[in-house]
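Structures incoming, each one as structure tokens.
Here subunit A shows up in two complexes: once beside subunit B, once beside subunit C.
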Partner chain A sequence: MKSKADVVVIGGGSTGTSIAYHLAKLGADVVLVEKGYLGNGSTFRCATGIRQQFTDEANIKLMKYNIERWKKLSEELGYDINFKQTGYLFLATTEEEVEAFKQNIKLHNKFGAPTRLITPEEAKEIVPLLNADEFLAGQWNPTDGKANPFKTVFAFARKAKELGAEIYEYTEVTDIIVENNEVKGVKTNRGTIKTDVVVNAANAWAPIINEMAGLDREFIPIKPYKHQLVKTEPIKEGQIEPLVCPPAWNDSYVIQDGEDGGILCGTGLEYGPTYDMTPTYDFLREVLKWATRIIPALKYVHVLRQWAGFYAKTPDSNPAIGKINYIDGFYIAAGFSGHGFMMAPGVGEAIAELIVKGKTHVPLDWEWYDPHRFERGELRSTAFQIG
Partner chain B sequence: MSERGEKIICRCNEVTVEEIEALIEQGITDIEMIKRLLRIGMGPCQGRTCIPMVISIIARKTGKSPDEIKLPATRIPVRPVPIGVLVGEMDEE
Partner chain C sequence: MRFTEHPILDFERVRGREVTIYFEGKPIKAYEGETIATALHAAGIRIFQHSTKKHRPRGLFCAIGKCSSCLMKVNGIPNVRTCITLVEEGMQIERQDEKPVLPKTSKPPKWKEPPRIEADVVVIGGGPAGMMAAINASDAGAKVVLLDENPMLGGQLVKQTHKFFGKREQFAGVRGIKIAEILSEELKKRDIEVFLETSAIMLLQDGDEKLVVGVRKNKELVEFKGKTVVVATGAMERMIPFENNDLPGVYGAGAIQTLMNTYGVKPGDRVLIVGAGNVGLILAYQLYQAGVKVEAIVEAMPKIGGYFVHAAKVRRLGIPILTRHTILRAEGKEKVERAVVAQLDENWNVVPGSEKVFEVDVIALAVGLRPSIELLHQIGCQIKYVPELGGHVVIRDSRMETTIKGIFVAGDSAEIEEATTAMLEGKIAGISAALAAGVASPGWLKEVEKTQRELEEFRSGPFGRKVLEGLKKVVVE
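Right after this comes the complex of A and B.
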């Protein structure tokens, strides 16, 4: 194991591996440490979706930029991460929701996301198995999409290593060495790495890392909430390609896995805060009740797998991204509240540029995601979260 | 027979021994990553057929003892179940 580095990234999910890749690309000598295997925390448990359809300027702009990155990511990383622009389709069940959709669409369009209102008939053309009679209208953005989380993390890590980064899996951080409010190193169960810069990309586990650096655990109050997914056997391609979600139905959604054609089903039922990852029968019943209302034909399909993962939630469901002013050389990109995978390319690039160049060209609103906003009691409008 | 190789190890997702060996030769020896890049053990059999064979291939190629290779998590349900049964609208076949 290396005994020193320019930057140590803690956490090997989509955010951490993206940061490591972008740092290595900028010529930094970077080490990434991950306590399990890459992706095991949250990325490998996610529902694969990538959307611009948020309800505030900062998230829409960041995601619009991310879509451009995702489009070129396979080529850039030299590995097919299977990004597809299959869209996100939200469905309204009441006139009030249709009005809210119209407002959302105005906002999306203002910041360049081509969302539009569609009829139930149009929705049925996009999702042939849809129970369209239940819905009044759709909020449709065909440029949203999905990608393979396994391949994405693998590709970021592989390219980072090609560019000189070192990645240590099964390596747990035990302490952050801070002297005179400056980062000096990272202690792990496999040895100590001297460094002046640490990035906390541990998402659900980020408060534990903050505490090791001498910060209060509640300074950035990220809490792990257990969310779950059910996956079915593969069905014919093209049946449920977009993520389909009627928000009024407990934020339930279905989306066809771009890799094998199975259907991923999620819903808003969450447990926590907890670090427990045991799947629950209650969830299975709840999610399938809604999934079969959205797509009645799912009744005839078999469930293959169910698993859990965390939404690492902040009080406003927006991540904490940026520099921690109390400790020189300490940065954070965590608390993604279910949106880490979709934001990973742009966030990794922005943090890497901030560290190496002191500024970034990525349209990331540092003030919006300011890690210090919680201690000031300043919350953003809640980021639009589903599932 | 698959065009990607000769001997199928994972029948659910048609993964061959050659594909597994190719990953190991690239330095990907962790069963967790091999599973996810090739989708081994993620089909209807839940890895009952293929995972023991994958472990012996990794052991043979890396010189590790099979006991050192940890089994990936098993997901519920143990056998595929029709959704209609779970939502109470169908009887089990």
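Right after this comes the complex of A and C.
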């Protein structure tokens, strides 16, 4: 293991591997440490979706930029990460929701996201298996999409290594060495790495890392909430390509896995804060009740798997991204509240540029995601979250 | 083709009323009590589906619901395990040649509360281990419920036509099929509720108790709540790598026994058996009994693995046993038409020029089993890889309790051994589960200890050596 580096990234999910890749691309000597295997925290457990359909300027702009990055990512990384623009379809069950959709669409369009209101008939054409009768209208953005989280993390890591980064799996950080409010190194179960810069990309586990750096655990109050998914056996492609979600039905959603055609089904049944990842029977029943109401034909397919992962939530469901002012050389990109995978390319790029160049061209609103906002008691409007 | 006569078996007991089912729209004669796969096989249909990516033909392989080789569309529902689904009058059966396309105009299902069955001990699996666990837990004072995904009780006993060894109280001299009947009768005598065609899909801790989530007949949810659970889910046939090992006609040995001994359907005309352990040897004899020609048994090891008595019987029938031989490939367009075997040298390399071709339509793989530990794994029991016991197995104590309190294991799901040891383990697990549930009097501990001694004695022979070595690695106190 290397004993020194320009930057040590803690956390090997989509965010951490993206940061490592972008840093290496900018010529930094970077080491990434991950306590398990790459992606095992939240990325490999996610529902694969990528959307611009948020309800605030900062998230819409960041995600619009991200979509452009996702489109070119396979080519850039030299590995097909299977990004597909299959869209996100939200469905309204009441007139009030239709009104809210119209407001959302105005906002999306204002920042360049091509969302539009569609009829249930149009929705049925997009999702042939949809139980369209139950809905009044759809909020549809065909440029949203999905990608393969396994391949994405692999591709980021592979390219990062090609560019000189070192990646150490099963390497758990045990302490952050801070002297005179400056980062000096990272202690792990496999040795110490001297460094002036540390990025905390540990998402659900980020408060533990903050504490090691001498910060209060509650300084950035990220809490792990258990969310779950079930996946059905594969069905033929093209039947449920977009992510389909009627928010009024307990934030339930279905999306066809772009890789094998299985249907991922989620719902808003949340447990926590907890680090427990045991799947629950209550979730299985709840999610299948909603999934078969959205797509009745799902009653004919078997569920193959059920698993849990974390939404690493902040009080306003927006991530903490940026520099920690109390410790020179300490950065964070964590607390993605369920949106880490979709934001990874742009966030990795922005943090890398911030570290190397002191500024970034990525349209990332540093003020909005300021890690110090919580201690100031300043919360953002809650980021639109599903599942 | 169906057998009407057999020296030992009477198939009329499984064959019910004649019904008509439809394969790709064509009517086929079947009998109630038969599985779909059996009826199709009897009608000469070998290809059940084509794989979705490479479109390779697939047919029956395990015949006990554990692999996915026999999935077909039944009455419009895709991916039905035809090997454990019983025929019904008018059933429409279709081959699957691509990933399912679902109907666009379905109605959402009506949700109702699933029935909840409460018991002291829930037993998953109705084979020798599970039935013995249920019977003994019941005798020890527990309210017991048993579920099994197959349409009949007995597990693999229902296809074992040979007589058992051991002691009289361990059913020595009795055929497996008869033992299945005896144990079924014993279950019936007791107040044990049995759920057949019910798959356990989830095993959970539920407060201080356990919850087993079951799905009956592929559609109805059933909840089983118990203070303790015995997992006796058996084993799954192993596959070995060779060219075209997925061709229809390559069967697990157990699948051939299921077709032939349970349902009385001729598996094929000429058979090559891979593996000369007890299963391979017994299978050869059973095929001969049923009038099927066995061309040869190939065995990669330098010595026959099974008991001498079985090997001698097979040799007397003139069936060649080729040790230090392996199968190189199966050949055939859509199903097995021949098998190519070759000799191996001391370094397990193929001896050039030693290839032999056997014109066979069935290749039977008797190359071992691996424990079915999926539910135990899912709930989080500690697992260890122990080759002597058949692969990944759970850590447990001498009373068969796993690392999760209240979860017990018995039979082949604990380690690959044989039906006699499965029954003894089932007895130990059943009584221990009743004791752990707090319903059995402490006096039952003596019965556990007695059974442990019997088990020890049974394993004391040369064939028990390997298992005993393996058990040292997983049995903890």
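Everything that follows uses one rule, which is that the second predicted complex is superposed on the first by the 387 of 387 C-alpha atoms of A that agree within 3 Å, B and C clash if a C-alpha of one lies under 4 Å from a C-alpha of the other, contacts with A are read in each partner's own complex, and residues count from 1 in each chain.
Here, a residue touches a chain if its C-beta (ideal position, glycine included) is under 8 Å from a C-beta of that chain, and two chains touch if they have at least 3 such contacts.
The structure presented is a predicted model; accordingly, all values stated were derived computationally and were not measured.
Participant: Based on the superposed arrangement, let me know which partner A:299 touches: subunit B (first), subunit C (second), both, or neither?
Facilitator: Both partners, subunit B and subunit C.
Participant: Output check: A:163 vs subunit B and subunit C. Expected answer is one of first, second, both, neither. What do you get?
Facilitator: The answer is neither, since A:163 touches no partner chain.
Participant: Between subunit B and subunit C, whom does A:128 touch in the aligned arrangement: first, second, both, or neither?
Facilitator: second
Participant: According to the stated criteria, A:233 is in contact with first (subunit B), second (subunit C), both, or neither; which is it?
Facilitator: both
Participant: Mind working out whether A:261 is in touch with subunit B, subunit C, both or neither, as first, second, both or neither?
Facilitator: The answer is second: A:261 touches subunit C but not subunit B.
Participant: Quick check for you: in the superposed arrangement, does A:284 touch first (subunit B), second (subunit C), both or neither?
Facilitator: So A:284 meets both subunit B and subunit C here.
Participant: With the two structures laid over each other on chain A, which partner does A:100 touch: subunit B (first), subunit C (second), both, or neither?
Facilitator: neither
Participant: Is A:136 touching the first partner subunit B, the second partner subunit C, both, or neither of them?
Facilitator: neither
Participant: Let me test your reading of the model: by the given contact rule, A:208 touches which partner, first (subunit B), second (subunit C), both or neither?
Facilitator: neither
Participant: Could you tell me which stretches of subunit A are touched by subunit B in one complex and by subunit C in the other?
Facilitator: 233, 284, 289, 292, 298-303, 306
Participant: For the complex, which residues does subunit C have touching subunit A?
Facilitator: 52, 76-79, 98-104, 106-109, 111, 201-202, 204, 206, 211, 213, 380
Participant: Write out the stretch or stretches of subunit A touching subunit B in their complex.
Facilitator: Residues 37-40, 44, 150-151, 154, 169, 232-233, 259-260, 279, 284-285, 288-289, 291-292, 298-307 of subunit A touch subunit B in their complex.
Participant: Touching residues of subunit B toward subunit A in the complex: what are they?
Facilitator: These residues of subunit B touch subunit A: 13, 30, 32-33, 36-37, 39, 42-44, 46, 73, 75-77, 80-84, 86-87, 89-90.
Participant: For subunit A, which residues count as touching subunit C in their complex?
Facilitator: Contacts found on subunit A: 128-129, 131, 233-237, 239, 261, 278, 280-281, 284, 289, 292-293, 296-303, 306.
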